[in-house]
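Next up: the structures, one after another.
There are two complexes below, and they share chain A, which is joined by chain B in the first and by chain C in the second.
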Partner chain A sequence: MSRARTIVSLVLPPLATVLIVILAWEGAVSFFSVPGYLLPPPSRVAAALWSDRVDLLWSTARTAGATAAGFAIAATLGVTIGSTLSFSLLLERGIYPLTLLFQMVPLVAIAPLLVIWLGNGPNTVIAASAVVAIFPVIANTVGGLRSTDPLLEELFAISGATRWQRWTRLGLPSAVPSIVTGLRIAAGLATIGAIVGEFVAGFGGDVAPLGIVITASLREFRTEKVFAAVALASLVGFALFGVVSALSTLLLRRYDASP
Partner chain B sequence: MKRIIALVVAGFLAACDSGSNPRQPSSLVRVRLQLNWVPEPEFGGIYAAERAGFFKDEGLDVEIIKGGPGVAAPQLAASGQVEFAVVSGDQVLTLREAGGELVAVYASFQSDPMGVMVHEASEFRSMEELWKSDATVACETNLPFVAMLNEKFGGKNLKFVPHQGSVAQFAANPKLAQQCFVFAEPVSLELKGIKTRVFPTSASGYDPYNVVIATNAQYAREYPETVRKLARALARGWQSYLDEPGPTNERMAAANPAMKKDAMDLAASKQASLITSADTAALGLGAMTSARWTTLASQLKDLGKIKSIPTATDVFVWSSALPQ
Partner chain C sequence: MGVGVSVRDARKQFGAVEVLAGIHLDVEPGSFVALIGPSGCGKTTLLRAIGGVDALTSGELVLRAPSGKPLQSSEAEIAFCFQEPRLLPWRTVQHNVELPLELAGVSAAERGDRASDAISRMRLSEAADRTPAQLSGGMRMRAAMARALVTKPRLLLLDEPFGALDEVTRYELDEELLTLQKSEGFTAILVTHSLPEAVFLADRVVVFSPRPARLILSETIELPSHDDSVRTSDAFNRHVRRVSDALHQAIREAMPTGNGGATT
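For the complex of A and B:
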């Protein structure tokens, strides 16, 4: 009973906020008679979602696929790079500042170059997604590994643990909460990267990915469909965030349970 | 004290200066003109009118705002955030159905300069050959000419990719076909040593007024005189650009580092034939006719881009009382 009450108290406030925003949006558009090409009311966005549901579902699937692939690359490479850097102070000092470039270089500026290097289509989209998502994973892996309890490190050293043992038994487990935070941030970024990638490299046609649906609908002044596609893109980000959060809860629970 | 004297003197001088100026800036009507692309010869007449003072002669102070890829010129004009914008003819009609009423007031080109270019070494000799192939075409998504060509030639196997707004991707990929203005990108590429073959889209029968100056319907109703003045200044600007594009190209090249003056000079000579026509000979430069607008509307309706055909005189205004 109390569990159900907790869920209700967790779900109800955001749901109520969303409902109020939607109602206010609908009311304001109609009250100020805002033309549809500037800001469509939510009812028209919903109508566009419904009338184009089959195409939009395929588009969402394509964007979700590229996002998941980009995220997987960012997660794998990010944890690997972050761990490697933490092995040696020299490596960390030499290379870590360079990884900052992933965050500093504006994706919109390098995206056209990615097209020239990797060609049009999914490769560039996945690369764009991975490029923006990788930095928080690296940073949080390095940060997590760096913040190991010094007393425990001493204990491992006294016990004569090897480097590998120190990393697998102590460093990595204590870095897990931090890495998970990095992955959660990366989930949202991977979606943004994929959409930007699609803007420059997505294939058009009948089952175009969401990024192309957005630009194509803008060209035809179908702003309601732009909103529908943006909503679905956010949904992809939310879904990935949800999966990462669920996995991390499982992982952390196990980690907490361990002595 | 010294400062006060200096201020008084400065004020006095300023007063003398404005008094001696025959054209008082405050009496000019200030309007903004949003371009939908970076300064290039397709806007030659606009910059020529500014350079030669033709806008000022009409009592207008026109601020030309540069555009680029993704700039929402039609929406800016329809919502009144700018008074005038350069848009394409089809946008006047499609935006109308989305609730934004634009009225075209000047057509810079009588024939659509749109085309698709391929590398000269490519195997494609015609638009039909290209469109029936499985080539990759970089173009803005959902352009009406694409739908028109698809209807005509199939185009099922083509791959469409986004247009980057530059020729970098095309230059790097010998297999790529890309949308272009027939006198612009191919000329820039030629000067870089890259030869192209160009297929104009107007040959497919879809030939809209592609570069039109438009305002929103309310502005056209409330300020018809300003609209007439702007059209008159533009016609004079285009005439002077046709006669001598050099000085204007210098000004535009300074505002657009991506296209050099020699490329602009070449482009200006190549576009001239698209600017004049039998209609402009009879009605003046920039002229539009109901027949052409109705044809465009019915083509867009056939392609499913609009639902109904508006009355032609609702979407454009043209006064033939222009200087020849």
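For the complex of A and C:
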């Protein structure tokens, strides 16, 4: 199969599904005469997207910026924490289980605390995004570093490698495929974190981010605008996921098969 | 050039299991010694002890410069070659071969040159920019050998290095290894299961009994030449025969009596 045909066969089925769902949704809303504030038809969502396009574009940019910042912090800190933990068994045993807290404590419960510490505004949004996204990065860094080939470990030990050399030249490169998987998961979570952060740390200014657009439109019963904002928020998640996936494909080209 | 090794009464216990039961072994500087014995007899254990990877339970192990001066294992410039090539999958051949120099803090320019040189000695230059996944088994082993040789070792420890290769590739690498060992003068100690390989490569073949290992034969090899044709010569076959007989006798003796004979 040619490359072009592979892409078509990958892209076409989900597109067709989306199209069918939109058509069915449009048909069902008009057939059952569902009121617009409960479930607006896709055509009205599209109209809302179009009429508020400039504002929505800026809102999306703002949310996307916070998401990207949160993701970047989660990625950097996650790899650093995961690596530090794997440097010592004691640290790993003592601290690694506690990092599960990032996973266990619901973000909505700690988000108000973030507001107290960081105030209303983008800092809280970025922090919320980083807090939910960091756990899979830590877990996959630790997991990846644990799965280093023992034969290669021995080679490095015999060659008199220092701990730092072992980490930079063996541990980290071995862990890359696992870390990349963690980053993919983190990309989706970072978007969720940012939107939740915007819900609680609602900051206005000239341009409201998507989370605020959602809460404000809800209050005004402009359900079609809620849908428009949700669609854009998913787009942010997809875009980040796409960028991370593309980068990881580049990074993993050398890892196609181990000898 | 090469480093001499002398082992006195080497013993090794793993828990209750006795692996080495008092081994005496002398390896002359610049010589090639092959260790042969049944699987699990402790050959690899001895090799790793000589390399300073594992400690002996008791016994004496001395590495010496050709002048007779004792050396620490860190001064002896030891390199290992394992059965698995142990290459880093994300690095090219060139960068894999540079690794030992990189770990030793050699400058980038110098290690590039030295690695290229070692790669060309292993006749792998055209594959220098490929990753291990793109190489055949024989080429991976060549890369591993180049990595072992790049540090200019004075003692090369080979643990069954060509065991996973096909026969033709194995013969080819045997010959190249021997040529390099003769020209560079390092001492080589080889663990192998192949009697013909041991006889072809070594100046001396040392035969171990089943575990706990004792030394049962030390056969000095004298061959008329060292090219491939020698493998069918009478001298070659006589040596293989003697080593094989000693090995089989040791295996038979180690078997519980009345339990039938050893099989080949």
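The working rule: the second predicted complex is superposed on the first by the 250 of 259 C-alpha atoms of A that agree within 3 Å, B and C clash if a C-alpha of one lies under 4 Å from a C-alpha of the other, contacts with A are read in each partner's own complex, and residues count from 1 in each chain.
Going forward, contacts are C-beta pairs under 8 Å (C-beta built on N, C-alpha and C of every residue); 3 or more make two chains touch, one makes a residue touch a chain.
Model, not experiment: these values are computed from the prediction.
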- [ ] Identify the partner contact of A:35: answer first if only chain B is touched, second if only chain C is, both if each is, neither if none is.
- [x] first
Open item on the list: According to the stated criteria, A:254 is in contact with first (chain B), second (chain C), both, or neither; which is it?
Closed with: second
Open item on the list: Which partner chains sit in contact with A:200 here, chain B, chain C, both or neither? Use first/second/both/neither.
Closed with: first
Open item on the list: On the A-aligned overlay, A:173 touches which partner chain: chain B = first, chain C = second, or both, or neither?
Closed with: second
Open item on the list: Let me test your reading of the model: by the given contact rule, A:118 touches which partner, first (chain B), second (chain C), both or neither?
Closed with: neither
TODO: Tell me which partner A:152 touches in the superposition: chain B (first), chain C (second), both or neither.
DONE: second
Task: Partner, of chain C and chain B, that touches more residues belonging to chain A - done: B
Open item on the list: With both complexes overlaid on chain A, does A:219 touch chain B (first), chain C (second), both or neither?
Closed with: first
TODO: Classify the contacts of A:165 with the two partner chains as first (chain B alone), second (chain C alone), both, or neither.
DONE: second
- [ ] Flag every residue of chain A that touches chain C in the complex, lowest number first.
- [x] 151-152, 154-161, 165, 169-170, 173, 176, 254-259
Task: Touching residues on chain A, where the partner in the complex is chain B - done: 35-38, 112, 115-116, 119-121, 199-205, 208, 212, 215-216, 218-223
Open item on the list: With touch defined as at the start, can you tell me which chain B residues reach chain A in the complex?
Closed with: 72, 74-75, 78-79, 91, 94-95, 97-100, 136, 140-143, 159-162, 164, 166, 168-169, 172-173, 305
Open item on the list: Going by the contact rule set out above, which residues of chain C touch chain A in the complex?
Closed with: 51, 53, 74, 80, 82, 84-90, 99-100, 102-104, 131-133, 135, 140
